[in-house]
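For clarity, chains are labelled A, B, C, D, E, F, G and H in written order, and residue numbers in each chain start from 1.
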Amino acid sequence: MNHADIQEILRLHARGELTTDQATERIKHLSFEDIGYARVDHARASRQGFPEVIFGQGKTREQILGIFEKLIQRSPNVLITRTTDEVFGDIRNILTDAEWHESAKVIRVLRDKTELGMGEICVVTAGTSDIPVAEEAALTAEAMGNRVKRVWDAGVAGIHRLLAEREVLQDARVVVVVAGMEGALPSVVGGLVGVPVIAVPTSIGYGASFGGIAALLGMLNSCASNVTVVNIDNGFGAGFVASLINRTR
Amino acid sequence: MNHADIQEILRLHARGELTTDQATERIKHLSFEDIGYARVDHARASRQGFPEVIFGQGKTREQILGIFEKLIQRSPNVLITRTTDEVFGDIRNILTDAEWHESAKVIRVLRDKTELGMGEICVVTAGTSDIPVAEEAALTAEAMGNRVKRVWDAGVAGIHRLLAEREVLQDARVVVVVAGMEGALPSVVGGLVGVPVIAVPTSIGYGASFGGIAALLGMLNSCASNVTVVNIDNGFGAGFVASLINRTR
Amino acid sequence: MNHADIQEILRLHARGELTTDQATERIKHLSFEDIGYARVDHARASRQGFPEVIFGQGKTREQILGIFEKLIQRSPNVLITRTTDEVFGDIRNILTDAEWHESAKVIRVLRDKTELGMGEICVVTAGTSDIPVAEEAALTAEAMGNRVKRVWDAGVAGIHRLLAEREVLQDARVVVVVAGMEGALPSVVGGLVGVPVIAVPTSIGYGASFGGIAALLGMLNSCASNVTVVNIDNGFGAGFVASLINRTR
Amino acid sequence: MNHADIQEILRLHARGELTTDQATERIKHLSFEDIGYARVDHARASRQGFPEVIFGQGKTREQILGIFEKLIQRSPNVLITRTTDEVFGDIRNILTDAEWHESAKVIRVLRDKTELGMGEICVVTAGTSDIPVAEEAALTAEAMGNRVKRVWDAGVAGIHRLLAEREVLQDARVVVVVAGMEGALPSVVGGLVGVPVIAVPTSIGYGASFGGIAALLGMLNSCASNVTVVNIDNGFGAGFVASLINRTR
Amino acid sequence: MNHADIQEILRLHARGELTTDQATERIKHLSFEDIGYARVDHARASRQGFPEVIFGQGKTREQILGIFEKLIQRSPNVLITRTTDEVFGDIRNILTDAEWHESAKVIRVLRDKTELGMGEICVVTAGTSDIPVAEEAALTAEAMGNRVKRVWDAGVAGIHRLLAEREVLQDARVVVVVAGMEGALPSVVGGLVGVPVIAVPTSIGYGASFGGIAALLGMLNSCASNVTVVNIDNGFGAGFVASLINRTR
Amino acid sequence: MNHADIQEILRLHARGELTTDQATERIKHLSFEDIGYARVDHARASRQGFPEVIFGQGKTREQILGIFEKLIQRSPNVLITRTTDEVFGDIRNILTDAEWHESAKVIRVLRDKTELGMGEICVVTAGTSDIPVAEEAALTAEAMGNRVKRVWDAGVAGIHRLLAEREVLQDARVVVVVAGMEGALPSVVGGLVGVPVIAVPTSIGYGASFGGIAALLGMLNSCASNVTVVNIDNGFGAGFVASLINRTR
Amino acid sequence: MNHADIQEILRLHARGELTTDQATERIKHLSFEDIGYARVDHARASRQGFPEVIFGQGKTREQILGIFEKLIQRSPNVLITRTTDEVFGDIRNILTDAEWHESAKVIRVLRDKTELGMGEICVVTAGTSDIPVAEEAALTAEAMGNRVKRVWDAGVAGIHRLLAEREVLQDARVVVVVAGMEGALPSVVGGLVGVPVIAVPTSIGYGASFGGIAALLGMLNSCASNVTVVNIDNGFGAGFVASLINRTR
Amino acid sequence: MNHADIQEILRLHARGELTTDQATERIKHLSFEDIGYARVDHARASRQGFPEVIFGQGKTREQILGIFEKLIQRSPNVLITRTTDEVFGDIRNILTDAEWHESAKVIRVLRDKTELGMGEICVVTAGTSDIPVAEEAALTAEAMGNRVKRVWDAGVAGIHRLLAEREVLQDARVVVVVAGMEGALPSVVGGLVGVPVIAVPTSIGYGASFGGIAALLGMLNSCASNVTVVNIDNGFGAGFVASLINRTR
């Protein structure tokens, strides 16, 4: 809920141009809009400093479209994550400047490109197969006004590949590390840098990786003190928090 | 490894006052010191922006003391976590200004109190039993140059107790939320603030809390996008990362 | 087994119009009917105060139809849960007033609409993706003679969306809360109301939600004392128990 | 928060006997009282229809006493669960009519004995070792104004022992079933009665009972539709919800 | 390895009609036959008192046929479990008297029908969906020379359905109980009979049944002392052991 | 419930020497006796063919004694498992011929030594540390009228130690195999004999043995078809079922 | 990084034929080559004594081809594991002497067949279904210059089938044992030989095998001291380590 | 069983100095000796190339002594692992040259110090708390005739501490890596060396380390191909296999 919007309503009410009931209704509407299957949350932008994101998984095509139409009226930038190219077809009909990122399965509308970060965000992957999750993080961070540096396939079993990027890592304000299998990379990166490291376990692996549990546990038990963790495959969350850290308040 | 220290050694070597072997040895010593059972890491301070911490659990009393003696020579501030009052007795003999924090089981030497943060760190607990872990986070953040605001016992089943602190929460640059049982508090706090929230699951609970697993899973699956998670009962890690986020680079 | 039915048989037997063997056989038949692959249980209605439900999953199309034909002869209301539109096609051929609820995958025959509850049942979901499970609960409660109030998409990360429904919640005799991911909603609702809350974890989520385990554990560990839990995705069970609670005895 | 209390404050304020600040402070105090390590919640009684309970586990003796002293000033009935006879000694010094229930480890103050339930609550155990948890449920239900019927040691491997109590079970308005090991009893009881069954898994068992997980899973998967479940060993919660169900609104 | 076969070889060798090498080779062949991808085990029949069974899952169609052709030369009765109707088509081409059991996914060749058991084996299921696993057990037991009594859909939530079969249960020499969900049935049956009960958990259920784990744990923790357990869905194993128990030695 | 006992009561009732109420009461008493904390089950002996056993764990010393006193009046043989030498002291005061088996923690009263088995029961352990559980099985089987052969420390990593006992194994009517760690022994024994093998996992091991889970899973997945499994450390259950198998009906 | 290659660059640099920058670039290139989605690691060959392997799972067809083209320029032998026959079609277009191993899903280029091992590697499976994983191990070991002996279908439930191969096992320098279900085979083999045994659990089994967890735990808890374990289905890793052990340094 | 020993018995038998029964008995005795609670295995030395080890955990003091007395008669070197200083007191009374290693809880008799390895074994730990397990590995390897290099406290979060030991690592014939928490060290070491790496997870850590599971899973999922794994805390096994690898055949 935007301060100016509320003050305007209060002024109108004080001048008698709105009844108390009308003012109440408008204020409630500023906060969220009930469209039956969803309560579209206009307050979140000001509350969390970011335009709305639609988490596509588990929603029908119709539901995603319905929510998108409400959001795009008020917010310049919108992300739809975990979605499909069918949904992108629908979105494209509504808004021609929407982008489709195949590997990350992300639809992005990016109309406000103001830079908001105080430094650079570096996103690193352990392997080639971790790239889709890392892209989700990078696309999110860019959409929130950050410069992003991508370092792909720098896993710990060939430590020289990582050490070759030491400078890039040490220049970042925050580092996102994406890794499956044993999830060891955040610990090594955490030791090389003096900034927060956000670790993203991926479901990449087989057998005793148990769909990302091995990587998740490895990251939670990291011996580097500057590591925090998000859910398995949650590239969006990592990019989001990295952006909040990088933002001057 | 401090830049100035290295340059001094290089100067001495260039002037012939140190042989190459002597210079090499000194440089290695700047980085870490091998005392048999441990490699005391002097590089970490500059690398991670913080004096050394000794993780007490699993180390003998002699080992903790030995490491402490090396560290205190070079670092004004030292933390010993997960330790006992017996160890504190030993430390007190060496250094009279060490503090003992009973509830958190932390020994703290705090000689450099320069303020380094750009804002305030808020530490919140869901219940009374979560306070020891939260104190570990708060003590760590203070030792790293931050102002800390404590909010205890504001769990979600009495949401009015939390909402009463909404202003305090919204003033913070980063919030640490400590909760056991179902671990729901970080999601609610995450929705109220626009800054990073670091969630610390605690082992508080019984039955199907499984020593903190329920809380940990709840936090990893948080529907609030600004939440990251550290290990169960890892108050230190949360305080450490919160400090890094709050620090102007 | 209906009291009147038994008394009638006993009367006939006492008057010698039924032999002991015939009476025994009739009494057994009152209780259940063996149709080979299933023992259709006519006793359950009087025993549990509700017409029969067929759990569709794991049964063949033929088995569901066979059981349905027996039940519909004695019971005005029948539910078939976890079924398909193919089965609905078959049922429609037998009984034209059967309803098909696509999102919940429920077939419902609702011929007796007597209101039996003392108050209202409120069904709440955390997100849009939880609606199918919540609908199963709502449809069940309606079929058992209750008025149902639906509140969709009121998750804890936007607590104002939930608080906006505080009155609706506080008017209910029992609340069913349906949530996936971290499953925090029942705790918050539990704190807002003074009636029983039935929590239904859903398999909605990804990564460390482990198909609903995270939500289940969160709910079992709820810090609100008025919360009980049913199996993951068990909307039917929640609606059933809510109806029993709401029923005047 | 009691309606009358608020109205009194408002009246005083309207008459100018309280400043706005004083009124605000008093209203906040009506809701909860911050005593440092805990926010004593006076609102909960009216919100959930029951005097406060102190969960003893994980709190120090001093903390329990401190909270108790605040609560006993406003609430006639208080429970302290998961506590020790040492704490009882302390409580006894403050209040001579406190009761100590050794097997359940419960301290109870029961000064208001008004009957509030519409029927009887029946508490059943599968074995002798489950009695402590069942007692916690029974003591809680009694403290909330209910008549309670206890049936101990009626496990399913000797089904005649249970069937012998069929009448008692069928007379209850709600049944609490407490069982460890395979946790099968709630399903059988659920089939015998037409009212809600609250299942409490206990940590009784060994080997693959995994501290109550086997019983918990058994209960969650119950084939009886009238069963809901609370946390392992959570007798208090079961007694609490049973009371809410039994209460006329 | 058949005693008579060995003695014949020894006799031939003693009379010089076989060299030592030839005799050795023949004896080895009596025991098993290496066909590359499998070691067909002719010794097992005499060792375990039963013709060979081919576990179909994880083997290619060619491998199953190859093994079958070796076995059918020496054994009158052969079972192929966890197989498909495609494989049955192939088998039918080789042997016209093979039977296909659709629900159990079993191919059976049953040429020796000698009755070998001392009593009757009773196979019971909790629900309709458990029938396929129970059929595997029943088909196996019949193929090993036993009379089998089937009791389907007698789960514990309608205990009168089970008690109606009390006599059948008490007449059996061994009872196989097949149940999914909470797996409570073996405990109840175990209490009703004085013979060994073999419990087979099935993967029937959803949510917290975890593919049969709930039922498995329930059965392992049975409070009835006469219950032993086999793997989830292992109808074959249950039928096999039941046959061994029923066999006069 | 003994047939003769019931017939006597019926006779007395028919002759008018007992009122209907008195007869009913006596019949109920034949079946079980309610002593408050336990329902002592006199029916079990006839129902399961064995005198009563008291599972000591989780019962107080007073409860064990109380139950024992009831049982010893009607049953010549009684076992108390998972008990202590303190309890044995109490029992010894009541009954001087009670035996104390230190390693198995079993108290045994063995006054009826009739041999009831048709063959011999062989109990095998993988290691020395598995002996206590195996002794519990052996003591139980002896108390149920069986000859028992003990084979200790014959684990699979020294297969020659097991093969040396091949004859003993092959002479048994049923084999109990007790093993911790990887639990591989039942599979090997199962392949050597043609009778039922009852596998008992033990909690012996460390690390990834997880208190017996590794052994339990190994046994449930045995590739030998004649293996069934009981709970971890459940020597009593294994001895009990082995006795039922060995018993001529 | 090959010694000779580095020395050549140094010589050129010393003679002034390469600038320092050019030399640096060439040296870096010797180590790895960044192709965007992957850092192709030329150093690994010399570092681990083996040509590169491409792990196919989770990589797109284009990525596999791109990496393959870089590797084949420098390495005579290349393996692509967990791949498809579609990829093989693509590879075949580039290099006609590539082999396709259907059962193991491996593409192999084997141009350097120098024998490098000091003895023979024996690969054993418990069952027919374990062959694909075992083939991956055998193909890898052959590609690393070893003679390999295959022993298929020698599981522990027919111990005579294994003992028949005792000589083959005892002749090997290292044994790879591949088993699913209970994973008991490595323990038995470990007891028969005096060399390292590498155990590979497979995901073969059903029910409580949990996709290989049962076998994995069995192997980790092996009572044979010469057993180490690799990930579930990791035939490649087992073949790789077996080759390193067999290699004369 | 030693070849020479057998041949001597055969010679004596052939010359008639031993009857067939006597010879048989002696041969059996060569292999193992039954002392009631254990089968002392004299064959293992020749079979696995190493003197006997007694695993102390779970054995009584008397059992350890009894086994030790048998072993020490035939084997120059004996290890007792997971034991106590009380047992050492007993052993010292029998044999004055036994060594007590407090940190590893190992008793060692080391009378034959022949060097048997072809290279050096390097044992590395991630932290100070991992030393006890690493010492068990090192003591074992020394007892089997190897030179051992110890590198303590070289965890991945300070990668420069590990890289400082690169030469030591690369000189070894086999490396044992001991690590708790996230278990990342074996992957990094695996990438630095071209020889087999044996990873030992330790139970060091807290919270989501789950007693070593996190480290175990990390190691099983290592992206370095030369890593195999032993059980949590199994230092002995790692030292044993490292010795077998290092041994010239």
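Note that in this section a contact is a pair of C-beta atoms (placed from the backbone, for glycine too) under 8 Å apart; a residue touches a chain by one contact, two chains touch by 3 or more.
Everything numeric in this text was worked out from a predicted model, so none of it was measured.
Of all chains in the assembly, those touching subunit A and also subunit F are G, H. Comparing chain pairs A-B and B-C, the larger number of C-beta contacts belongs to B-C. For B-H, the equivalent interface among the listed pairs E-F, G-H or B-D is B-D, as over half of the contact pairs agree by residue number. Distance from the centre of subunit A peaks at F, each centre being the average of the chain's Cα atoms.
Taking each chain's centre as the mean of its C-alpha atoms, the one that lies farthest from the centre of subunit G is D. Work out the mean CA point of subunit F and of subunit H, and you get 38 Å between them.
The distance from the centre of subunit E to the centre of subunit H, with each centre set as the mean of the Cα atoms, comes to 42 Å.
Taking each chain's centre as the mean of its C-alpha atoms, subunit A lies 54 Å from subunit E.
Centre-to-centre spacing of subunit D and subunit G amounts to 60 Å, using the average Cα coordinate of each chain. Annotation for subunit F: residues 127, 158, 191-192, 207-209, 213, 216, 220-221, 225, 231-232 touch two or more other chains. Looking at which chains touch one another, you get A-B, A-C, A-G, A-H, B-C, B-D, B-H, C-D, C-E, D-E, D-F, E-F, E-G, F-G, F-H, G-H. The touching residues of subunit A, when paired with subunit C in their complex, are 28, 31-32, 36-39, 41, 43-44, 57-59, 63, 82, 201, 203, 211-213, 216, 231-234. Residue ranges on subunit H touching subunit B, taken from their complex, read 127-129, 131, 152-154, 158, 160-161, 164, 204, 206-209. Contact residues on subunit D toward subunit E in their complex (touch as defined above): 126-127, 155-159, 163, 181-184, 187-188, 190-192, 205, 207-210, 213-215, 217-225. Across the interface of their complex, subunit B is touched by residues 46-50, 53, 118-119, 173, 191-196, 198, 216, 220-221, 225-232, 236-238, 240-241, 244-245, 249 of subunit A.
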